[in-house]
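In this document, chain identifiers A, B and C correspond to the written order of the chains, with residue numbering beginning at 1 in each.
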């Protein structure tokens, strides 16, 4: 990854635009309110973004940032309030409206087709036409080159997307948006998928963009990054804007307290409860045939009763496969032993019965039946537990009673257990899953990103439940992209890179930087 | 206009409903239970005769079997002045729907009632028993015999023998084809006669045969595209004359013959007259199955109070089947064909039925 | 915020709330009546009279008995289809399954000799086994080789026709004039009709009771049993089912086997209650009718009852329309329009309901939220 931005070369044009943008307002939101299911809705949001600024919007997961951005990008319509772009009021019905008003969005998850070139990806959906028919590739290529040069993005239009790295992909996404004429860019958690040095490159690119007069709205909950890059910061808490601060006048700690609104919850686990009884033993776990690149290569790990083992790694390095192999969802070679019993050949259901709880990474796809009521979701994955079934029959009464128990014990905020799972907020859905997976006294809990996308209250509650269960002797395999969570909760950390465990750390002594460098595969050399 | 129709339908509906109710109450086993517009069996006046006719799938307009029946019905209207009502079978309907169709006609005062096609075999047997005072006729079936049912059947194999002979005489390549609509016994009769006729002329002749669909898929009687594909295959494989017994699918056979520069033989009606004019010139002859004659004769016998129950065989001798000469394409072999005709009529040749 | 796909809702894999199943079809049927009226006007037919004729004829005792008989057959077909639909399996092959099952069962019934209660039971079992086996081929192909069941069942339909024609014409068929059929099933194998509808000699198929049992069985299996839970879970979200330990491949095979066994029953009411033989008049195409009725009834055992009755009513009316010179094809148009309108009406109702439910949840939780908001603001 080479930094390509010609930092010193300010063009004539650029300096003019810089001058003209001072104190001009690019986006203004007044009294935006969006009523929505769940605990957090947007209410009375006010926000002023100056032209040519990097304006950060910070808030905990679930504070309402995403909703706000969806409103600004035309994906959702506010129930009340006004949006002004460059001074004039606008109403967006679709993202198309937002794009024509000069607003572009770079999503957290890239929307690029791997088997197409950068050029093809960029023009997809807005292909320039020659004589109304053929795609004018030459014109598109020139335009991409021009944009890339003007903003220092350093993108080659003719390489395949599958051949480029994460950082470059993100710049392609940015270019795609600029190509469509955006002058206001919304970046949704752009650093979530990047390793530290890629983050630095991104920030340089962002500075390059604002110098050219682009306005950037930067959404994040990583406060250090925000303080480093932003010109202005707006804090959102529980759906409303609570403060507007300048990065010079605030510390990360103060910002965090503004975000949380009270004392910070901490993922930290104080005393060790690790025993010497092995709960899970994984030996030589491998996925992928000989000769091919293996998604999981000879992974061996041990988790004891009362221990939390954290797996750190950039997403897509084999974490999901590791979890699925232990769950028996994905075929693999190697052995898995649970509490002294080999379960390698067991089915998923039998493993779950034997005491493995599973909080899947994607709760909507893997964890819930969204269009089924909560009490039916209680049965999901626990189709042999006594409270749920009697032999061949569903124990409706038992399942309902136990769902009620989970709702109370895990503070799932819902009007009742007959509500469809889709009507709950992400945090409450996750609390239901955690409650379900903790039922029936599991021996091992596999928790993949257990607090991703949940509000801060739910996050603290989930951490509490994990700690309590750990103290009671539960073994936990924790996968997370949130390094603070990993360091705070884990008793021991392993780093996964390209399907192999490449490094391990004591969370008490490791720094996020050390972890980050190990995650990129530089660990052993450094 | 519309108002008129409104009135008519209302009246019809009311009458129908009442009659139905009456039929239902009567249980269908008493004479009062089967109301009839015709005053019993003695000398019905032609002007009062209401003929009910139930078509097979395809109904009026299939350019073939049903249309032939329709022609007889139309002739009866024109020459005998009878009133008519026609109902049509739906594709993939239940057996009881056929039964109900006949019952609607019989209970609606239609007498005689004619069922076109062997598919009505069971239904006619049942409904005729319920309405002993109504005369029924069924075309193509003699499995069920009742005192008030006339079975109008045809010697399709004899007519097919003649066109088979014609095909063999006309073929220069010694290779002919047969396209059957659906592989059912009735159509196999056509094939058997055709092959016998061809072999009588030329024992070593090559005969290709293909059925478009197999039961219970009856789409082979109404799918010209399938007919075309099958015939194309035969022409490509070297045939120069193709005989079709495939109802509406036959149109495709004619198209294929036209495209291949081959010859075709029609079925049921004189298709050189009824087929699309652009392809009519490929039809050298047609196997005439005179359903129109049978239908007309039956209606006429009713008006003269001379209906005969049981089988009436329309064979070559009776003029019920024949070959057509429209277009003059078989004039050169007419003598030979007529010789076969005489031999079959006299019984010298017995044509196999399968 | 809803995440169920349109297909999920179309196939009834997700559950609508209480009022949706009632209001939506009513609105849809009214809408279909409107469209039909327009078609009638355009074709120069009197609207009111046509509809009145249909209703009057359809409410005759004899017609009612016929409607129940038609609906019995349709119901079995729709249930066979619905079992697959609830699990995301498109068993297009119900048609071939029931035809082949009907033929083999009829042949067995005409051949073997058994006393009264056993013969019909054996015939029905044979039909279920043949239907299940034929559908099972598609299930196994999908589970082991990943072959789309849509493709394989369509092909199996064609093969079933070929095998059926061969068996009927060359092996088991007995000529009866121009007809050909299996040997008639003796009296011991026939199921007597039920005089359910008063004032008509026409009896309702004895196997009407079988259809009722199948409906109850379907409901119990789906909603009360673990197997049904697994089946529904797989239909709603296959990834979630896999993660929960459902053996999806095995479920595919089981679901196809059950669907095929139900398909085997489709021909039984007519075979054992009316025709006693599989001949050229054996009703074809019921498998496809079943797909439409299953959609109309939202794959719900009770919904399908109404859908099958409505469909049967329309079919029975076709003859009386023809008698009054209204083209019976109007019935086909009505059936098509009803299915389409029901699909649209359900979709609209569903969207409305999801919004309503989300608003309700928000409202009921607003109390708690606003308290925390205030606390937050104070800090």
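Miscellaneous remarks
The rule we apply is simple: a contact is a pair of C-beta atoms (placed from the backbone, for glycine too) under 8 Å apart; a residue touches a chain by one contact, two chains touch by 3 or more.
Since this is a predicted model, take the numbers as computed values, not measurements.
Taken pairwise by the contact criterion, the protein chains link up end to end in a single open path, with no chain closing the loop.
Closest to the protein's overall CA centre, chain by chain, comes C.
Using the average of C-alpha coordinates as each chain's centre, A ends up farthest from chain C. Here the CA centre of chain A is 74 Å from the CA centre of chain B. Measuring from the averaged C-alpha position of chain B to that of chain C gives a distance of 36 Å. Taking each chain's centre as the average of its CA atoms, chain A and chain C sit 44 Å apart.
Chain C has no residue in contact with two or more other chains. Those residues of chain B whose C-beta lies close enough to touch chain C in the complex are 2, 5-6, 9-10, 12-13, 16-17, 20-21, 23-25, 27-28, 85, 87-88, 90-98, 100-101, 104-105, 108, 118-119, 121-122, 140-144, 183-186, 213-218.
Within the complex, the chain A residues that touch chain C are 35-41, 237-240, 242, 257, 261-262, 327, 329, 347-352, 358, 360, 362, 364-373, 376, 379-383, 389, 392-394, 396, 413-415, 419-420, 422-424, 457. Residues 44-46, 49-50, 52-53, 56-57, 60-62, 66, 69-70, 73, 99, 161-162, 164-165, 168-169, 175-180, 199-201, 270, 274-275, 280-286, 289, 315-316, 318-320, 322-324, 326, 328 of chain C are the ones touching chain B in the complex. The part of chain C that touches chain A in the complex is made up of residues 1-4, 8, 13-15, 223-230, 232-233, 236-237, 239-240, 242-247, 354, 357-362, 364-365, 368-369, 372-373, 375-377, 379.
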